[in-house]
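You will see chain A twice below: alongside chain B first, and alongside chain C after that.
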Partner chain A sequence: MSTTSDASSTRAGAAESRPRPGGSPAEPGRPKKRGGRDLLHSLPWIGPALILIFGVVLYPAIVMFYNSTRDISISGIDKGSVGFDNYVEVFSFPYFWPIFGRTIVWVVVVVAVTVLISLGLAQILNKAFPGRRIVRLAVIIPWAASVVMTTMVVYYGLEPYFGIINKFLVDIGLVDTPEGYGWTRNPATAFAWSIVVAIFVSLPFTTYTILAGLQTVPGEVLEAAKMDGAGPVRTYWAVVLPQLRSALAVAVLINIINVFNSLPILKVMTGSIPGYDADTIMTMIFKYIQNQHKVDVASALSVVAFVIVIVIVAIYVRVVKPMKEV
Partner chain B sequence: MAVTAPAFETIDPPAPARKRRYTEDQVPIGKVLLRMLAGLIVLAIFVLPYTIMFFGSVKTKSQIRSVDPTYFPTEWHWENYIDMWSTPETPLPQNLISTIVISVFATLLVLLVAMPAAYYTARFLFPGRMVFLFLVIVTQMLQPAVLTSGLFRQFVALDLIDTWAAMILINAAFNLSFAVWIMHSFFAGIPKEVDEAAQIDGASRLTVLFKISLPLVWPGIVTAIVFTFVACWNEFAASLVILSTAGNQPLSVALTKFVGQYETSWQYVFGVSIVAIVPVVILFMLIEKRLVGGLTAGSVK
Partner chain C sequence: MKKSLRFGSAIAIAAVASLTLASCGFGGGDGDDSASGETTLDLLVPSYSDATQGLWEDVIDGFEDANPDITVNLEVQSWDNLESVIATKIQGGEAPDIYNGGPFAGFVADELLYPVEDVVSPDTFSDFQDSFLANAEVDGTAYALPLIASARALFVNNALLQQAGVEAPTNWDELLDAATKVSALGGGVAGYGMPLGSEEAQAEAAVWLWGGGGTFGDAETITVDDPSNLPGAEQVKKMIDAGATQADPGSTQRSPLMDIFIQGKIGMQVGLPPTVGQIAEGNPDLDYSIVPIPTKDGSPFTLGVMDQLMAFQNDGDKQEAITKFFDYYYSADVYVPWVQSEGFLPVTKSGAEALSGEEALAPFLEVLPGAQFYPSTNPQWSATDAAFKALFGQIQTKPAQDVLTEIQAQSDAG
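Entry: the complex of A and B
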């Protein structure tokens, strides 16, 4: 896979370029023959971690790939190979392409809006004012709180008649009747509200990452821009934003992964709506597993999702070059 | 903090920024008030859902389901916090125990496995070191959700399906990379002379780790513990598929059973949510300064 080769070049480069303060005493001009023994010495230290990574992350991935070519009965019995039939079933499912398109909308809208709002939030939280620390702490709450629970309170709020958010919308005149809009009964509106919740829970991490990026903007540069007569808007575009590049790259890519993998929000908001008009790839995988008990088809769709994630990770490694700091 | 990993120096926000703004800028009072107003709005938005949750948790069922609901509770029914544990939908006390057991043991397992790996990779060069660290980075990007069907079949085959042990292993494995990563950067921040001095004095490698290095990397370990614990506490996707017995399920999965019911006891859902959310929010607030370093250690420059 191209990922591996890309990464190995990064890896080699990083290993040479970075002076390591923590190297073992024997390491400059490390003789090649000692390699094997060094690896053996390292095993008691990194072995348990390797077992866990291989046993519970990589092995299930292999199982998943294997199962995606098998015929597995509802009771879980493997009835032999079916080649790519499970993939055919995934792609020929009439709702697949709408689900695929919705997944893209889900990821793009959530991540884009999250980053835009976070840029503003970080700007506010970076300014000095009494009580800033309390505001910063409040922004953490949706990050630590269970996403299921945060979504459930919104779901309740949107209920017809007794939901508090619905009542508020009626009170300010946006909704005509207390019966409300049937927000969570209708796939389109339930999906739209899921996007709102997803943005809300993605804000803390994104804001904090951008806030960290803002600390790297040197004060003198801002002074200089001011002296040169640049207004706040111009300064932001020309001086601050370019400095935020790497923080934004990290925030965007981690958000893409998280939002793509997100299950609980849609599960709570749209899970009780019949049909497939509010599903993403991720909720569809769980519908195959839980409702239809088709682990084989679920595996095939998971492989599709897995490949998408791997491509995103490859881009991440390429763009951010995380090994540089190792 | 005696030792700070390089990645974190740029991330700790408040002290210098604050000094600069207050002394050099002399912000006019009007501007400060405007900022406070903006801050207040942000604060209100972020606590709003949890305020709704809290107010809902002290209402009676007829109040919370009344056709013309009130924003604030008219009476405060604290007894909900006792009654909620015996609701018929799901065995909530068992769900709470399940959440606690899985989170505590997964966190312990992560510590036990990640600490030696982080220490060794930060201190010694060995063949395969970069491969190992690369593996760690890639697994950090993988989440249980995308691998659930594989995990499901694997734990069926191991006869560990529907057990806490399965979820402890899964949570530990998927949070391991993050813990290795953050502790690695803290260990790498200790000058090797400190270790060498101790070794010359005759201390063994393990003694050095426990007596010399650990106290210095304590902030990194606390960050790793909190992050892992909170992630396990809130885990949803894998638990949903792996744990099928109601009593084995954590709160995150158990609570979803209330959705779409004919008459949901929302006041209990919210009471349990408040109980589940408050401790982890406090934990996260304790490590506020290192939150970012956590997820992006090594990438934000």
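Entry: the complex of A and C
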């Protein structure tokens, strides 16, 4: 009884107080002024975020673009503007298009397989079973461990002569050279193993995002589907999956950006391979900086990479329409 | 409303002010505290071994005791990172005063370095071996001080060669034959350890290309795509195709492969003076010997590598302090124990005398006079070095000529 009266009194108070400072409410042109004033009022709250966005995101991006139009010597001295010559160098590099294609394969395969496995994992973790908490914790572990560390473990496991994965494969007879196979020494196998590691480290975040989505599916809806005679497959496709749309959208978008920008896995797994047969755009940027000391060209390629990410995300949003309500 | 506007503009001003102030922080950088009469020297060095940091700290402690008005800040980086660290520092206007590194011609081209005669006393200057100093000259002026030298030689696993019934080789034909026979022993044993991975592909490349009469060029021009380099490159392919090497030589790194040699699974591999110490520590029972590197016709050859110390012209007022530091460092009492602990070869005449009795260094000191060096005074050498690291390993799968052409192209573009 008392709660209802409380609620009604606040509502009344709110309704009463609103028109007070404005005076006459229906004045034309007023809302525009109000907007500016509201913005000023909100500055103390959004100000720090704006400063952060400018300082940490925009300023470096501007410097990156600026650097991409300069001629910077190998010891880092700025020798003046060269217009778009660095971009010409990026695109005329004979390995650019294979690298570009590999980047797309890398992003699509890693994200697609990650999401598929995560859908299954999340479904399992959503069921009540003894020890579920421990299993849920176990799924987080790849997330908690440093990516470089996880990759190094796999890398050393794959080493010939002393790696345990190689030793295992030799022992069960799958590899017939006694010192093992050079998985990380050949572009194709090293790239394939990198994809495996990338999927492994992307699983926790994706699984948990989907799990959170699964928990928003109301029990009554599932019950209703059951009452209407829908089998488990039909329920999943027609009831559960559509409701996961926003969770999947977040998982896929963040994964696309993350995987595209991922350097450490490929750097560790394919770092010793000569030539450019296992590179993606990210490792190529790194090679420009680390091996060739071409900060200017690396900046140009970074700008290109930035554009590519935006295009991929735009295509995804356009085609899949992840934000559309069910 | 007026009040809130004022409030708003105050916030805006505060925001702008904090941005401007913050941006001031970028450029400034703390200068040295010369006002108090004290000079600070920044020293950037790579790590040669686990002991490097301690050795430099000892040098600095001794130097600071002798010169209380000079403070030395030490920064140790791994070889992998060193060149990007120095590039970042220079770009940020915070170059170290003294830097220990490899290629330096790029810095000279950008007019960043002191000519070394300005930063060492004549006595110290005249103590350097002439051949090393000549290798640090650009247009007749030395811009870097030799720090350490190393020469290479072939480490041979006596037990494996005996099992295969072969002798230590002196030329390519013998090497191919011996390595193939050792590889045929099976059990994961490789005849010749050939590390063409990015770690130090340029060294293994030089061993083969120069051993066949080739060259990387001189201070003026880089000539990788040269007919004289082809025999060496073809021989590398021959070794790989014959199965005389470990698997996947194109992407094998040097240090891990040396560990496999130390474990006794590789018949022969080119090594450095510090390898002696690594074997003593890792597998003292290994029965090995050190012989000159086999060449095409058996003529003696070794690849010499020299690392340098250089001084950056930062403020101009540190020249005196840098001179004091170099003179102190290169005095035989300080320098000889340093070089000895790191297991390298000395570059000063006094150092060579002091270490002439060292047995472990003898095979290397012997070949050192005939050593050939990288054309590191060529401003293009950095790019060539990077091109070798990134591309030479492709020789495993691509035709030798194509690889040389590609390296030359990337080097020219750099």
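In the analysis below, the second predicted complex is superposed on the first by the 250 of 326 C-alpha atoms of A that agree within 3 Å, B and C clash if a C-alpha of one lies under 4 Å from a C-alpha of the other, contacts with A are read in each partner's own complex, and residues count from 1 in each chain.
Everything below uses one rule, namely that contacts are C-beta pairs under 8 Å (C-beta built on N, C-alpha and C of every residue); 3 or more make two chains touch, one makes a residue touch a chain.
This structure is a prediction, so every number in the text was calculated from the model and none was measured.
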Open item on the list: By the touch definition at the top of the document, which applies to A:161: first (chain B), second (chain C), both, or neither?
Closed with: both
Task: Comparing the two partners chain B and chain C, which touches a greater set of residues in chain A - done: B
- [ ] Would you sort A:126 into first (chain B), second (chain C), both or neither based on which partner it touches?
- [x] first
Open item on the list: For A:75, using the defined touch cut-off, is the partner it touches chain B, chain C, both, or neither? Pick first, second, both or neither.
Closed with: second
TODO: Identify the partner contact of A:186: answer first if only chain B is touched, second if only chain C is, both if each is, neither if none is.
DONE: second
Open item on the list: If we overlay the two complexes on their shared chain A, which of chain B and chain C does A:44 touch? Say first, second, both or neither.
Closed with: both
Open item on the list: According to the stated criteria, A:298 is in contact with first (chain B), second (chain C), both, or neither; which is it?
Closed with: first
Open item on the list: Going by the contact rule set out at the top, does A:178 touch chain B (first), chain C (second), both, or neither?
Closed with: both
Open item on the list: For A:289 in the superposed arrangement: first (chain B), second (chain C), both or neither?
Closed with: both
Open item on the list: Looking at A:274 after the superposition, I want to know if it touches chain B, chain C, both of them or none. Which is it: first, second, both, neither?
Closed with: second
Task: Set of chain A residues, in rising order, touched by both chain B and chain C - done: 41, 44, 50, 55, 72, 76, 161, 178, 271-272, 289-290, 295
Open item on the list: Help me check something: in the complex, which residues belonging to chain A touch chain C?
Closed with: 37, 40-41, 43-44, 47, 50-51, 54-55, 72-77, 89, 159-161, 177-179, 181-182, 184-186, 271-276, 287, 289-295
Task: chain A residues within the chain B interface of the complex - done: 7, 11-12, 14-15, 20-25, 27, 30, 35-36, 38-39, 41-42, 44-46, 48-50, 52-53, 55-65, 67, 72, 76, 121, 124-150, 152-157, 161-164, 167-168, 178, 200, 205, 208-209, 211-213, 215-216, 219, 246-247, 249-250, 254, 257-258, 261-264, 267-268, 271-272, 282, 285-286, 288-290, 295, 298-299, 302, 305-306, 309, 312-313, 316-317, 320, 322-326
Task: Residues on chain C engaged by chain A in the complex (per definition of touch) - done: 1, 4-5, 7-9, 11-12, 15, 18-19, 22, 83-84, 86-88, 90-92, 106-107, 109-110, 112, 186-188, 190, 196-199, 201, 246-248, 250-253, 256, 260, 263, 265, 382-383, 386, 389-394, 396, 410, 413-414
- [ ] Give every residue of chain B touching chain A within the complex, in rising order.
- [x] 6-7, 10-14, 17-18, 20-22, 27, 32, 35-36, 38-40, 42-43, 46-47, 49-50, 52-53, 56, 64-69, 71, 109, 112-114, 116-117, 119-139, 141-143, 145-154, 156, 169-170, 172-174, 176-177, 180, 184-185, 187-188, 190-192, 196, 230, 233-234, 236-237, 240-241, 251-253, 255-256, 258-260, 264, 266, 269-270, 273, 276-277, 280-281, 283-285, 288, 291-293, 295-301
